[in-house]
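What follows is subunit A paired twice: with subunit B in the first complex and subunit C in the second.
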Partner chain A sequence: MKKTHTDTAATNGRGLDRRTFIELTGALLGSTVLGGVPHAAHALDKALPNTIDGAVKGGTLDALIHPEPPTLASFINTSTPGRAVFSKIFDGLLDYGPDLAPRPQLAESWETSKDGLVWTLHLRKNVFWHDGTPFTSADVKFSADVIWKKYAPTARRVLRHLASAEAPDEHTIVLTLTQSTPVLINALDAVAAPVLPKHLYEGTDVPNNPHNNAPIGTGPFVFKEWVRGSHIALERFDKYWQPGRPFLNKLTWKIITDVAGRANALETGVVQYGERNPVTFADADRFKTSDKLIVSTEGYNGFSGTLWLIPNWRDPILSNFKVRAAILHAIDRQLLTKTVWGGYAVPATGPVSSLLKPFYEPATPQYAFDKKKAEALLDEAGFPKKADGWRFKLTHDFIPFGDDYRRTGEFVRQALRAVGIDVELRSLDLATWTKNVFTDYNFQLVSSWGINWQDPQLGIEQHFWSKAESKGTPWFNASGYASQEVDALFEDAQGQTDADKRIADYKQVQKIVQRDLARLDLFEFRWFGVWDKRLRNVTDTFDHSQNNFAHVWWDQTA
Partner chain B sequence: MIRRLLTHLLRLVFIVLAIAVLNFALLKSLPGDLADVVATESGAASSEQVAELRERFGLGRSVPAQLASYVGGVLRGDLGMSFRFGEPVAQLVLGRLPATITLVGLALPISVLLGMGLGMLSARRPNGLVDAALSLLSTLGYSAPMFWTALMLIVAFGVKQPWFPVGGIRNVTAGYTGLRDLVDVLWHLVLPTATLSIYYVAIYARLYRASLIEQLAEDYIRTARAKGAREGRVMFGHALRNATLPVLTMLGLQSSAVLGGSIVIETVFAWPGLGQLSFEAVRSRDVQLLLGVLLLSGILVVLTNLLVDLLQTRLDPRIRHRSLGASS
Partner chain C sequence: MKRLLHPPLILGTIVLAGVVVMALLAQRLFPGDPMDMVAVPFTWPGQDETVPLGSDLMGRDLLAGIFHGARVSLLVGASAATIALTIGVTIGAISGFYGGAADAALGRITEFFQTIPAFLLAVILVAIMRPSIGTIILALGISSWTGVARLVRAEFLTLREREFVRASEALGASDLHLITREILPNALTPILASTGILVAQAILSEAGLSFLGLGDPNLISWGSMIGIGRDALRTGWYMSAIPGAAIMLTVVALNFLSDGLHAVLSPRTSLRNA
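Right, the complex of A and B next:
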């Protein structure tokens, strides 16, 4: 690794970097060292092509993580920052590419019986846990019997019909189902169906196992330490199954809660990678003109999502279709994505993001920005403007995930006030918000967001399937929407072994829920990441944070 | 003396219990709980899982039962588990304590000493040129919001002129040890300490100035001067000692504010201290963790006040006599 460079090209916080150099040589000398040769500024908003041609081993990567993961036990708490770390330490049975197609990881190959009831997975040989114990089918069987059935939220939902997991030999696992579960092929990644070491978890109190926050996995990086509030340090696993991987020697996640602090850290090269909107949109635009950093929206096809308003169907006003349609007509979503979201979003056409290409249906009913139409619909619905200028009052509770969500709420309030709806915007803390929305159903309009994941059954179904309504469970059908048509389609898709028919089911669902306006989907996210331009292969993934980073390398020639 | 210590200890026990009960009641009266937060974060929990979470977190029992078992634990010295973080509370809190203590422990003495010096300069010629200049500076120092000062320092000395690190407590990638690590930590301390100090120096300078002006007008100073004592002796030997008493009182009061106030600094500088931890605990309704932080802070504040009390009796023996007179 370039240890001795002191020009601008090597000032990114690895090895003997600029900062260390200045600490050693004194501050005054620093300013002359930093002078460097000015480069012509040009926008860098595309990553270099993903390739391992010319890949060199070595180097360390300091990456941002925000907020700090509550725990590394992603098989229990699947928070997004937790997944980012977990997925480096644990390989899954399968991984997914940017096209969302499955790629072998711990499972080298797999086949399904015709009726879709028996899945046989052939496991990779010569795979080791970080403590040196060989990985075998017994680990997978244990994980299926205990972790998937009792703890891992996604597996538990997807594998409701799992009858048994058998291990006929050390490298084969056979899953037998009572009902075909085609979604399984899209849900075998490290977090959805985690594989834990049997020898460390069997017979223990799993939620309190000491390895939860000091994990032993099979992935390319070994857990070294977690200093709460500071960093999580990972190191290269020398016995990783894939020869020569990972390329990086060290991977350190730095916890920086302040958004300005994250921008400073990226700008000064203290960290060289940040994902899922690590800095403000203004900073992103500024970094685009830097000749050191790439700002890109690639690599999020499996983490695509939309921001939506949930109308409460139990509410006498919002149960009226015309009111819901008027609300969508009243909001200039093009302007919303431009002003509030800095252009890192595009108006949604329905509940499924266009990034989830295999399942996306563009031909759904649309409700374009049209204030006059909105007002006319409200009049028709029986809510004329009263003497005080208002038609009715509505409360709007936004999810407390940061300023962007508050500003979105303010934008919506402004838009609805313009057509005579007196909106009261309420700022609640997460616990209160969750209880109001998902336990007490005590809300009128709520804004929040959700991720589609790799399959609508993972990210869409629970919001619309009436049988998913489950008082007290976050993210399950809170609106009270119930449609027999939609229910039938979801239920068919759950067991549909014909992949094309299954896709058709979901496309039909999108048409119906958009026709009914079960939920008001405002826009699709275009998450962006920021990273050092010499970092290669970071977008070869379905979800930035969930790639195992085995193939990420430093290209000193770039 | 023993009596005073005993009084303080009794007060400590009382305060600890009051903190536990009050905060427990307060947090329990809010809607939503830790299980809601964890399930929302996960994004994929089922209803049975939420019920299990609640069971596991001990949220299924009645509030008085939860309180009783918590207080019982505290009295046995067990602060419980933080279920969100999956670690014992004591471990989490004690892990964060050194960073906060280092920061506050460095910034406060610097502020007091600098404030004392500046206060003396001002008090020598009240309303003179030096005093006017220092007054202006200190007004600026304590009226600028701390986060703003912090951000400006970062922009100036971390980004534009990258002399100091923009955040964190040490260069974790370099993995320094020993002396090199110490230097690295000190290096990282410069900007956060400067931010905290700018604010507190301003306060202490003003406090010292007012207090010294008052003392210098007292009869005993005139007597000292009449005896022919030099200005240096008047200032250091007579006035300063008495002028320090109100400053010490303030210091005792502020020790709690500094612990709480460093949350801003900790956020801006990504400093892994107690402030951030307590913020997280409130946000996620992690009652056990928050109570642990509050308990520890409470104990620290009580102990600081005990120390201040002892220092005051040392500086001004009359305090001891008075309190002895009152209690006997």
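Right, the complex of A and C next:
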């Protein structure tokens, strides 16, 4: 019976019909094996275990995408929604698991020379582009020579020392570097080092290539159409390299801009999947009590991030360590994560999120919530309370990324006013804020956030390495912090071929920047996704926004 | 005197007086910062007597917010209306009094502003200048004067030709005297009646701006309270409903007041009533 159901879904392909059918199947099951269907009354905040045991082919998935991606050319613009779609259409050389360990994708195996200068990747055979052209090492060579060197933001940084990419045969690619680049093993995913079809991109104006928004990839799903403001439709690729994959027949991204609309769509089953905080925290808590939906924070170990305050080290008040320490002591971060972030965040211990396990250092200096200590530190720093009750004026420009960030700003304002800092909260538009912070360095205290990615060199280095200071480049060291010690550690890690020593470098960095309070890390995000409990395998990835969905299937028995 | 017993006028006055009293007592009754988190978030009204109207999703006292928000709403309403009146009366008076080229030029300016949706203009102005109470008042004033200007111009056009104005002119009165002493006092009734609507509009627009996140982040206002409550609409609707009711009552009261003033002061209705 199950088989019939999936076939029906495949032929008519209409979400509504499929849903009616599922309900019908459920009803039949319920009546025949009474009590045999587990109806969990308890909260569903854990997904069913990731497995392909008993996986069945078929079915369609309607998923939420928000906001609408600006482009599908993720090799130029790496926006998170763009990444979510791109990763289904394009496979990368490597993929990464929840443990952040590399997994073969287009590259079956790889080896590195002892000095770390020569990387040989053995490519998978019988891989095809969606237009039927075979995928070969020529595509990778073209991507390395053109896309990685000129366009892809991560590859451009990581592969600064790439001397040449050679293709000795159809299924081997040899990358030769002028300096060892150990981070490369963590930066060969579909977006960081994208592989594009040479036959469609060679000799063209890459940023304006018509295939950018009608992509031809090697991934499990084929691009069908993108109706702006409505949906992006993908279909199963029949010649995908992995036999029997993907399980799903169709994957449609629905663009719903309103947060309440997204909640309704999930609740009514119009869509069955949404990730990276698709609904408000209050709605997430409500969905947790439903027996149809799963609300889970799994699948983000490689997309972990923290929210922090950047103190301007050029400012006479904030350059004082005691003031920075007092600010951190004054903020009850436990309460902040509970009230403003609905519990979908935990206080940070430093710049690296505890989810990035291989690199995380817990033993860093901590500045717990302690108002008295904050006041004492401010007194010591030479800022006693004046007659009007205030110590000094301070402007706080919160990052204009939405209500949660604004409320975080309000929380910080209240916390600092409570210890006598007269904070003026300023709400700037994103363009002005970005220019003030990263071009003019014209700020006192701002909030900002970022992602760690799979390696600190990708997500941490640019915020602390003094040589990364680059006027006008957003999200690069803006605080003015410069430490020779930290610089030396970063530079050693860039070429360190001994993996353990490299990790030790980064752990030491965390201790120093937290000792110096180079920036004030407030909390780690816990992104959550909401999906139909029958959907299996969605979190078997390092980055939930970047799972290629080849192994995702509908479990009608759940 | 009997005319003042117009029921909407009385009702409007009472409610508005209540709001003014709330604004005046806010600092005394709730001396703390209304943005402070003082209670458990999501406390429903009546659940905890220290916060009778409950708390929002950040644990802020809704009652304190309503009282302090009244100050912001009234301040914005009164100030924005004053700006709109000043611009509108000046332009309308000059247009109606001098006519001709001055009227044509000012008429085009007025039309220009009329073709831009007032709220969108306010959104753009506030977004360009940083959101703060001052810029919000300025933006709302600049975007809402055209109605007054049209009204005043029409009044001036008719009054300009009346005998008492002609007589005064024959006596050698200056233009300024004619405008401010002869015509304006006689045009005051419709202006006064429209002032209430202007204030109500400004309060609504401020709420709209705050709801969109363009309010002054350092001040609590009814609109920003609704904006915060929106996130929890399904689980804690009272967070939006309570400040929403405050806005509704105030705006209805202002409309009643304006209607009542019109009914009471207008010569035509007063003749009928007498």
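Note that the second predicted complex is superposed on the first by the 517 of 558 C-alpha atoms of A that agree within 3 Å, B and C clash if a C-alpha of one lies under 4 Å from a C-alpha of the other, contacts with A are read in each partner's own complex, and residues count from 1 in each chain.
We adopt the following convention: a contact is a pair of C-beta atoms (placed from the backbone, for glycine too) under 8 Å apart; a residue touches a chain by one contact, two chains touch by 3 or more.
The model shown is predicted, which means the values in this text are computed figures rather than measured ones.
After superposition on subunit A, the partners subunit B and subunit C are accommodated together without colliding.
Shared-chain residue A:E410: touches subunit C; no touch with subunit B. After overlaying the two complexes on the shared chain, residue contacts for A:N208 are found with subunit B alone; subunit C is out of touch. In the overlay built on the shared chain, the residue A:P153 is in contact with subunit B alone; subunit C does not reach it.
Contacts of A:L234 after superposition: neither subunit B nor subunit C is touched. Of the two partner chains placed by the overlay, subunit B and subunit C both lie in contact with A:D429. Contacts of A:T339 after superposition on the shared chain: subunit C is touched, whereas subunit B is not. A count of residues in subunit A touched by subunit B and by subunit C gives the higher number to B. In the superposed pair of complexes, A:A282 makes contact with subunit C only, with no contact to subunit B.
Contacts of A:A260 after superposition: both subunit B and subunit C are touched.
Closest contact between subunit B and subunit C, by C-alpha atoms in the overlaid model: 6 Å. Shared interface residues of subunit A, touching subunit B in one complex and subunit C in the other, are 260, 429. Those residues of subunit C lying in contact with subunit A across their complex are 33, 35-37, 41, 57-59, 127, 130-131, 213-214, 217-218, 227-228, 231-236.
Residues of subunit B touching subunit A in their complex: 30-34, 36-47, 49-51, 56, 81, 84-87, 92, 95-96, 99, 151, 154-155, 158-159, 161-163, 165-169, 171-174, 183-184, 187, 266-273, 276-277, 280, 283-285. Within the complex, the subunit A residues that touch subunit B are 13-14, 18-20, 22-23, 27, 30-31, 34, 60, 62, 68, 70-71, 73, 76-79, 153-154, 156-157, 207-208, 212-213, 227-231, 233, 250, 252, 254-258, 260-261, 264-265, 267-268, 270, 429-436, 438-439, 450-451, 458, 470-476.
Put simply, subunit A touches subunit C in their complex at residues 259-260, 263, 280-283, 285-286, 335, 338-340, 398, 403, 406-407, 409-411, 413-414, 417-418, 424-429.
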